[in-house]
Every structure is written in structure tokens, then in C-alpha cells.
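The same subunit A turns up in both complexes below, where it pairs with subunit B and then with subunit C.
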Partner chain A sequence: MARPLSHRIIGWGGALTVTAILAFLVLPAFVVAVAAFNDDALLSFPPQQLSLRWLVNAMSYGDFQTGLRNSIVVTFAASSIALIVGSTFSFVLDRYQFRAKRVLESLLLAPLVVPHFTAGLGFLFLAAQVGASRGYGVVIACHVVLVLPFVLRSVYISLRNLDRHLELAAASLGAPPSRVLVTVTLPLLLPGLCTGWLFAAILSFNEFSASLFVTAQRTQTLPVAMYNYVREYADPTMAALSVLFIVVTAALLTIANTWLGLGRVLNVEHVR
Partner chain B sequence: METRHRPFFALFITPAVLSAVVFAASMIAVLQFSMREQIPGSLSVGGLTLDNFTAMLHPIYGRVFLDALWICALTAVVSLILGYPLAYALVHTCNLVLKSAILIITVTPLFLGEVVRTYSWIVVLGSNGFINLLLLKLKLIAEPLQILFTLTGVVIALVHVTLPVVTVMLAAAIAHIDVDYEKAAASLGAGPVRVFLTVTLPLSGPGIVASLSTAFAWTFSAFATPQLVGGGRVNMISNLVYQLGFSNFNFPFAASLSVAGLALTFTSLALLRIALRPLERIGSS
Partner chain C sequence: MSSMSAESASVGKLEQVTPARPQDVAVRLDAITKRFGDVVALSDFSLKVYRGEFMTLLGPSGCGKTTLLNLVAGFLSPDGGEILIDGAVVTEVPTFQREIGIVFQNYALFPHMTVADNVAYGLRARGIARDEIGRRIAESLAIMKLTGLEDRKPRQLSGGQQQRVALARALVIRPRVLLLDEPFSALDKHLRASMQVEVKEIQRKLGVTTIFVTHDQSEALSLSDRVAVIFEGRIRQLDAPHQIYRRPADRSIASFIGEGSVLRARLDRIDDRAATVMVGSSRIIVPAQPLTGLTSGAPVDLFVRPEQLRIATDHGVFRGRVVATSFQGDHVDVYVDAPDAAAARVQVRVPFLERVPSVGDAVAIAIDDCEATAFPHQE
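Then we have the complex of A and B:
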């Protein structure tokens, strides 16, 4: 069925608007890539001569290397702990009614609205009170709390979509609750758990404002090291590192999308 | 007896309770510090006082609070205007590959850290940056435009991260509108514009309210963007808090500014909710 001309004009106008908005979102990534592989320290467009020197510079800069090591430690610890806390709590949320359920849930979701610098300040004070302000513990604890809402969300959705009949079938065949959990529930939840962990890891690896408050020189994470670099130097070394960040993040999101469907996690699919 | 009907309840709820307690303790610590005297150069604090809050009445701080509110409001509104078409496209695109591409492009800035995002915008907006380079080359301007270190620059960079949030929330709202309403309106002869204005837009009211609030709150939380793109000329509460803490070592005052910031965010969000109540009601009725 041919659509009237006016509808087609609206369609084209819409497509053009959306393309322009998407271009706005991609523009910084594009420009940073140009800056990163341009031999000259000053941005030129189109690039005069391509080079990898900024990338080499970024990889060999001491603070970035230490930062990367610290970030990997913090990210693995924080997202794994957040996965345990988040998935066990989602299970309880999904299956049971209990007192203070709402209070507990809102407390754990609160980091979504509390500014990260305020959370960072709070954890700094807390760590100072128990004399742990210079270690990894406070950084990891802070990251766990901040990424937890995202883990909760993706595991809870998988739990909701899980077919309870399979658990009931296993139970009726005599499997005790722990066996049902390990052999039926956990394998069915695996995509949700992986996506939850991945979300947590991406967010923790990129977390900055709170980390700035809770890290010390020794525990500095990569984003904090990058921030300090930008404040001191203006060469494209940061651009090279940013390109790596952008590529890895987009790739991980694409993986998450194929694993579980980001659309479902973010709740943007059409309900039929 | 309870454990038999509720397998794993006690075991599974313990980590969550622990995390909640730690988080609550950190928030209480901020509140507690905000009412203490400063001991210069130290993270420990003195006796109880309300001086931190009275000191905040100085016009310098009032100015920063007003600026922060204005930046948050502007960012939220711009994100809404740009986010709505994007969300609509995201929901209504049938081609799966195109849909995934839009989704990934939209949410990537959300997961990129503040530092990478901010740095990228410095390269785009700076006086030797991409935009100025392009405009100079096209001979549209003779002198580089000053965008970096201005409020406009800060808002542009902030919209880049609130736009994904707003888009995702709006898309969720639009996706949950029953397609049958839109089809019914169309079959009764309404054109696409009319269907959009009389069915889709009003029904997404609650999503609009929710996304505006979230964009507002998120912007309030920004630190690196106002710090680096604003270059000290555009300050938000976060920047003052950091400066007070780590340059002046006045942690109690930093804490009280954070508390005031939290109070301000929650008050503005409540007021926004009340102001937009009619919009929300249309959608839910």
C-alpha cells in the first residue's frame, strides 16, 4: 500500500532528525579517534599523517599501567561481589514476602539517585573512622554499592522470565531445594547473571567521581589516573586511551546485547 | 519451621542487608560530618556545630547553587527534546540490525566513564578543536568560537550522558503503550502527526516525568564535566565539595554542602513532580 506523500515526508524528516541525534552521540568518539591516530599533537582534519605514537605513549605511561592494574583488581572484586549480593537478593525479592522488603530494596537502589561524589565522600569518612582509608577495601566496597542496582535489575528480570514449572518438576521428582537451585535455577539464570556481571564490570571499570574521593595514590584506578593526566598534559595520549575505552565498551555492550538482549534488560521492547 | 517453606531465605538476604547497612552508614557519616567543627588538615573532626550550614548562606555559594539548578534544568529539557525522537525510532524500527545499532550507539556514552566522555568533548569543543577547525575551514567564522569554559559547552557535554538515560526511559514508556490505541486512531482517519500528538505523546506522560527527574538528578551528580569543560569558570556543587575537601581539607564543610545538595535535589524533584502532575495523570488514566 503506497503511503500518501505527506506521510513519507514526515518519515524522511523523522529519519533525518534521528540520524542527526545519533551523529551527535557518535561525534566525540569519531573526533577522539582522529586525534588519537594523528601524528601531530595538534588536531588536524583530515589527519596529515597517521601514527601509533600516542597509543604507544599511553601504554608505556607508568601511572596508566598502575591504574590499569588497580582497576582490574577493583573491577573484578567489586563486580563479583555485587553479582553475589545482587543475585541472592533478587532471588529473595522475587520469591518471598517479608518485613522491611521495600526499605531494603529502596536502600539498595538509592545509589541511582545519590550523587557519586556524595557516596564517595561518605565512604571516605566511613573508611577514616575505621582506619581503612588507604586500602583497596574501601574502593571495592564503594564500587559494589554503586553498581549493585544494575546487577539487581538484570538478574531480577531473568528470574521473572524463568519458567517455574521446571523447578517444580525437579522438586516433584524428589530433588531437594539445593539441588533444584544448582541444577535447574542457576543454569537457567546464567545469561542474566553474565549480563549482570558484565554491566557491573563496565560501570565499575569506568567509575570516576566516587573513586576520586576513595582512592589514594597507591590505589588510584585508571579513570582517576586519566583525570590527573588531562589536568596536566594536553597531548593526544589521552585520546589514544579513550579510543581503547570506547571500543572495548561498545564491544562488551554488543556482546551483552546478543547474550540477553539489551532491549529486554532496559525494558524497551514492545509489549505484545 | 520457616526455613522449610523459605529455602535459602536467611543465607540469601544476609549479603544484601550487609551492603545496605554499609551504604546507610556512609550516608550517616556524611550527615554526621556536616555538623562537626573542622580540625584543619585532618580527616578527624571536632565538636558539634551548625556553623557549616550558616556559612553556606554566603552569596558565593548561593550563586553556585543557582548555577547548578539552571544547568540541571537546561540539560534535562534538552535531553528530553533530543531523546524523544530517538526513543520513538528505537521502539518503532522494525529492522532488527538497525534497532540494535541505534540501541548500542545510544547507550554506549552511558557506560563510558565521565573522564573519557569529558576529554572527548574537550577535543571537540576546544579552540583548536574539531568544531572550530571545521567552521574555520568552511570560512563560516574568522576567529575560533569560545565554547569550552562556557555554560553552553558544559551543557552540551552533559546532555551527551543524560540523553541515553532519557532515551532508554522514554523508549520503555513508549514501548508499553498499547499499539492498538495508535492503530485505532489511525483507522479512524487520524494522520501520523495527529496519532502522535493525541495518543502517543499523552500516554508517554509518566515516562516524560520520570526521565526529566532522572536527567536532573544525574546532572547534579556530574563532576569531571563541569570541572574540565567548565575549567573553573562554570562550577557545580560537586566541584566545590571536592575543592573544599582536597584543597582546603575542610571536610565538614564539604559534607554539609553535599547534604544541602542532596536536599536541594530531592526538593527540586518533588517540586517537578507536583508541577508535572497533570501530565502524569493523562498518561495513567
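Then we have the complex of A and C:
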């Protein structure tokens, strides 16, 4: 194939640009990963000697251990509550026609446009006003509000893709509404529900700026604990922890994609 | 009013027994009114469907036929009037207690269940014993020629198979009424014809009362015991298919159902039931009802089907010139311009074995002495 030189130059140029962009995307993760396994305490590149000591340090540091425990508690509670609340609202938005529908929809999606630190500050004031102590409750409540739009979207899209005729057919076959819900609606919504929960969980687990305001020493989540660590020490322990974060999140997304068909849930695809 | 007289006139000609005893009414819609916002879809609508009957609701989209089906199924509730199934008022009864079977246009098979589980759904909802369910699934899959496909998922089936599963699922619960919502429209032409024959055969065998909704007039004519032609939420004619085809109650039904041509004619004489109209020097007997109020000599439009016209070997009834021919396999459609006899082009069906005139030929057209209908002249 004799292609004109100009075409070949454009072809190479294109390939080079794409490679550069992809490299740029993974560069931060790559640098952090290299630093994590570097024996040297200073962030030097290239690494002189490989070591797992920072990983060990990260896992044995007391604040990180409580932070991880707190994060897991908050993540599970917040994304589960958000799933229940979000699914209920999605159902209402999908199935019923009412006057304030648009208003409700915008309100539920509002956290998308509110900066996280604003939400955190708001919850901090609110907790002070009602005299609530800075316990888990306020952290979880704050996270629920922040992840709700993502659950709402995910479940709403699944509901939209659900053929109403399936529920009508089930009803015509003698199934009362509760049975239709359990045998037809929920099984078909399951991928959407799981994806919604998973997105909420990942967001909640990584949430930092709002958490910084609403957590106390006792309730600080892992990202907040990391921030506090960085303010005092500058060694690759943080890098090691970041690598852990990336690996866990990637694993969760891979599982979601394989088992739940992430693409099917995210795309508006009609499943018959 | 016209539909009632036409209905009683046609009963004797039906092949199927259409019992008139009131206890044999399977579904009755009584003075139904249904509004969507400000739009009145149905107003004071009444219809009786007899037990075992194949009743078709035929009309263009938006005429209210699907609304009627949804009302019988209980997916919608009427704003006025009553719905009765087997003599019991079900107007307020929820769908799951109505004992109906329904086949949707897209079949609505449960995608997460196997064929067997789909068919078993209604039986399980009724709490029927496990071995009885197994027996009835096997029996119903055998009737539908689906044996061996029990463990397939719906997406692994062809369109025809999916439709059979939908039908099996709806019929296995032995419904009081079977509702069919345009179930053939998703099938290709070839499969559609064979599925229609099958559905009709199964319906007749099981004797299940069936309400079939379609906008396809040929489907309606070929499957039904009776057809209700619905325009704008009203029954315009309720009759056996051949009556609807031969004796359309009004001009719009005549042009909605089948093909045909309009010939200029004059009213000769009109009696109680029959009227005589003249086309040229030929007399044609037509029903008197659509011509009520006209006097002798008044201009009328005679509505004839393509197969009622033929190319005459003698002088015929009127003359014209062939403008187009269209080969249809078993016959040829010949289109004739006959400015003296008809304002629009006249369609004549010529059996394939006969000599087919060529474009440009002058031809004489004869009208076969069979049922036709005339309406008051309209420009």
C-alpha cells in the first residue's frame, strides 16, 4: 500500500498524540506507584532500591487503621442509605406525574453543582445548630447527600429501560403488585441498583473535602487521616496507600463490569 | 343504530354459532367513558363479546381500540360505565384478579426467565402444585410446538417462537378472555400469515373468547368472527368480516377496508331494505339504508371491489382506457380511466389465466351481479 507521505505523517502524528494523552492520564498513578516501592524516604526518581517498607508502614499506622475502619463504616452506611432513598425517588419520578416533578428532580440532582466543601461546611453548621455531636451520623448524612445524585441517575436509567409491558404481563398472569415487584421489577433492576451502590461507594470512599469539615479526630475517614499525615510527615507512606486505593477501586470496577455489565447499565440500551 | 341492524342481518350467515342468549356474553362493555386530560377517548361506548368468539377491534391508530383493550385488562379504569367479564362487574377489580391472558406487540417475555419459567409464571402466581405445573407446561409447550426449548432464554428464540411462548404463557392459565394487542405486527410477512392460521386454529380448539386489536384490515378480515370498526372512539360497524367487506356501512369504512372503486350511478328506486341504482343501463341492487332520504334520479356513488369488475367481451356497462397493469402473482390489477363512469381511476382484477389487456387498450367493463353498496353522491 503506497500511501502519500502526508497521510503517513498525519497517521504517525495521530498515534503519537493519542499515546501522549494516554501517558498523561496514567502518569500521576505511575509516579506514585514508583515512589511507593522506593526504599528511599525522599521522593526520588528513578528509584534506587525497591522495598515494601512504606506499604507496611501505611498498614500499621494507627490513624490509618481507624481511618480505614471509619471509611468502611461510612461508605457502607452512606451508599446503602443513598441506594434506598435514591431508588425510591427514582421510582416516584419515573412512575408518577405530579406538579412539582421538575422541582424535585432538580433538588435531587443539586449536590452535583454544590461544591463538596460547601456541603461539608453546611453540615458542620447544621450539626452545631441542632447541637448534634460530630459523630458518625453527620458524616454519613453528608455523604448520603453527596452520592445521592449518582444513585438516582443509575436507577432512573434502569427504570427507564425497563419495559412496562413486563410488569403488565405479570399482573395479567395473576401476580399481585408485591409479587410483580419481587419477581419481575427488582430482578431486572438489579444491575442498575448494584451499579448505583458501587458508584456511591467509590465516591464516598474517596470523598475528602466535605469529610474534612464534618469529621472529628474520632470519626476521621481514611482520606482525612491521609491529609493529616501529609501535613506532618513527607515520606512515601502516602504513595503506598495511594497504590492500595487505586488497586481496590480498579478491582471493584472490574468486578462491576464483568458481573453486572456496566456498559449495559450506563448506556441507554433497550433490553427485550 | 346502523350497526345493530347490520349485526342482526348478518347473524344467519356466520359459520360460527354466535349465541344471542345473554348468559353467553363473555365480555360486556357498558356505556364506557374514558378521558385523558381534556381529550375524550371513548364516550358512552358499549360492546358485547360472546363466549368463544374471536372479536376484532379494528381502526386507525388513535381510534381508541388500545384504550379499550387496556380497560378490559384493567391497566386503565374508565371514567364512567361498567365492564363485565362472565357476568360479573370487574370495573374496580385489579388486573391480577381478572383472569385474563394478554399477548403484547413485543410479547413482553420475562428476559431473565427461561421459556418454562415464563409459561409457569401465571401458574405459580396461582399457587398450583409443582407436578401439576410441570404437566401443564409440557402440555402447553406441546400444543405450541415449543417442546425442547424449555431451558432457552427469550433472547435465544426467533420472533415466531417468542410469540408462541407469549401465547402459551397467556393460555396456560385458562383465561376467561384472551387479549391480543397487535401481536403479529413484529413478524415478517411470511411468518405472519402462518402464525395467524395457527393462532386462529388454537383459539378455535380451545374455544377461548378473544379480543384482538389491530389496525391491519386484512388481519381483521381473515381472523375474526366479528369485527368492530372503530373510528374516533365510536363503533361505526359491527359485523362479520364478509359483511364489512361487501356491505360497508359508510363511505369511510368502504375506503378503509380493502380496495375498491367509486362509480357514478343514479338512484332508480328505493324500498324498505333494498334500492336499485343504475350504472349506464345496468341495474344494481344495493342496501337502502345508506341512501335513505334520496329520491329517484338522484346521483349516487356506487362502491365496487376490484373482483366485482371484469373486462367484458361484449359492450359491458361502461368503457374506458387501460392506464396501468400490475402483476400480482395469481391475478393482475388493471387500472382503467373511465371519465364517463368514474371520477377516479377504476381498479379491475383480472385472473392471471385470462387475457390481460395492454396499457392504452380501450376496454369495456362489466359489473358482476353481486353485493355492492352505494352512498349519496359526494364531490
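Observations, loosely collected:
The definition used in the following text is that the second predicted complex is superposed on the first by the 240 of 272 C-alpha atoms of A that agree within 3 Å, B and C clash if a C-alpha of one lies under 4 Å from a C-alpha of the other, contacts with A are read in each partner's own complex, and residues count from 1 in each chain.
We take it that a contact is a pair of C-beta atoms (placed from the backbone, for glycine too) under 8 Å apart; a residue touches a chain by one contact, two chains touch by 3 or more.
Predicted model only: the values in this text are computed from it and were never measured.
When both complexes are superposed on subunit A, subunit B and subunit C sit side by side without a clash. Applying the stated contact rule after C-alpha superposition, one finds that A:Thr254 touches subunit B and leaves subunit C untouched. With both structures placed on the common chain, the touch criterion links A:Ile9 to neither subunit B nor subunit C.
In the superposed pair of complexes, A:Val184 makes contact with subunit C only, with no contact to subunit B. When the two complexes are overlaid on their common chain A, residue A:Ala171 makes contact with subunit C while staying clear of subunit B. Across the overlaid pair of complexes, the angle with its corner at the CA centre of subunit A and arms to subunit B and subunit C is 100°, in steps of 10. When the two structures are aligned on the shared chain, A:Asp163 is found in touch with subunit C, with no touch to subunit B.
Judged by the number of subunit A residues each one touches, B leads among subunit B and subunit C.
Annotation: superposed on chain A, subunit B and subunit C show a minimal Cα-Cα gap of 8 Å. Residue overlap on subunit A between its contacts with subunit B in one complex and with subunit C in the other: 177, 271.
By the touch rule above, subunit A contacts subunit C in their complex via residues 163, 165-166, 168-177, 179-180, 183-184, 187-188, 271-272.
Subunit C contributes residues 73-75, 94-102, 104, 106, 108, 110-112, 121-122, 125-126, 154-155, 169-170, 173, 179 to its touches with subunit A in the complex. Every residue of subunit A that touches subunit B in the complex is listed here, in rising order: 6-7, 10, 14-15, 17-18, 21-22, 24-29, 31-32, 34-35, 42-45, 84-85, 88-89, 91-92, 95-96, 98, 104, 107-108, 110-111, 113-119, 121-126, 128-129, 133, 141-142, 144-145, 148, 177-178, 181, 202-203, 205-209, 212-213, 223, 226-227, 230-231, 238-239, 241-242, 245-246, 249-250, 253-254, 257, 262-263, 266-271. Residue ranges of subunit B in contact with subunit A, taken from their complex: 6-9, 11-13, 15-20, 22-27, 29-30, 32-33, 43-44, 82, 85-91, 99-100, 102-109, 111-124, 128-130, 133-134, 137, 160, 163-164, 168, 171-172, 175-176, 178-179, 191-193, 217, 220-224, 228, 238, 241-242, 245, 251, 254-255, 258, 261-262, 265.
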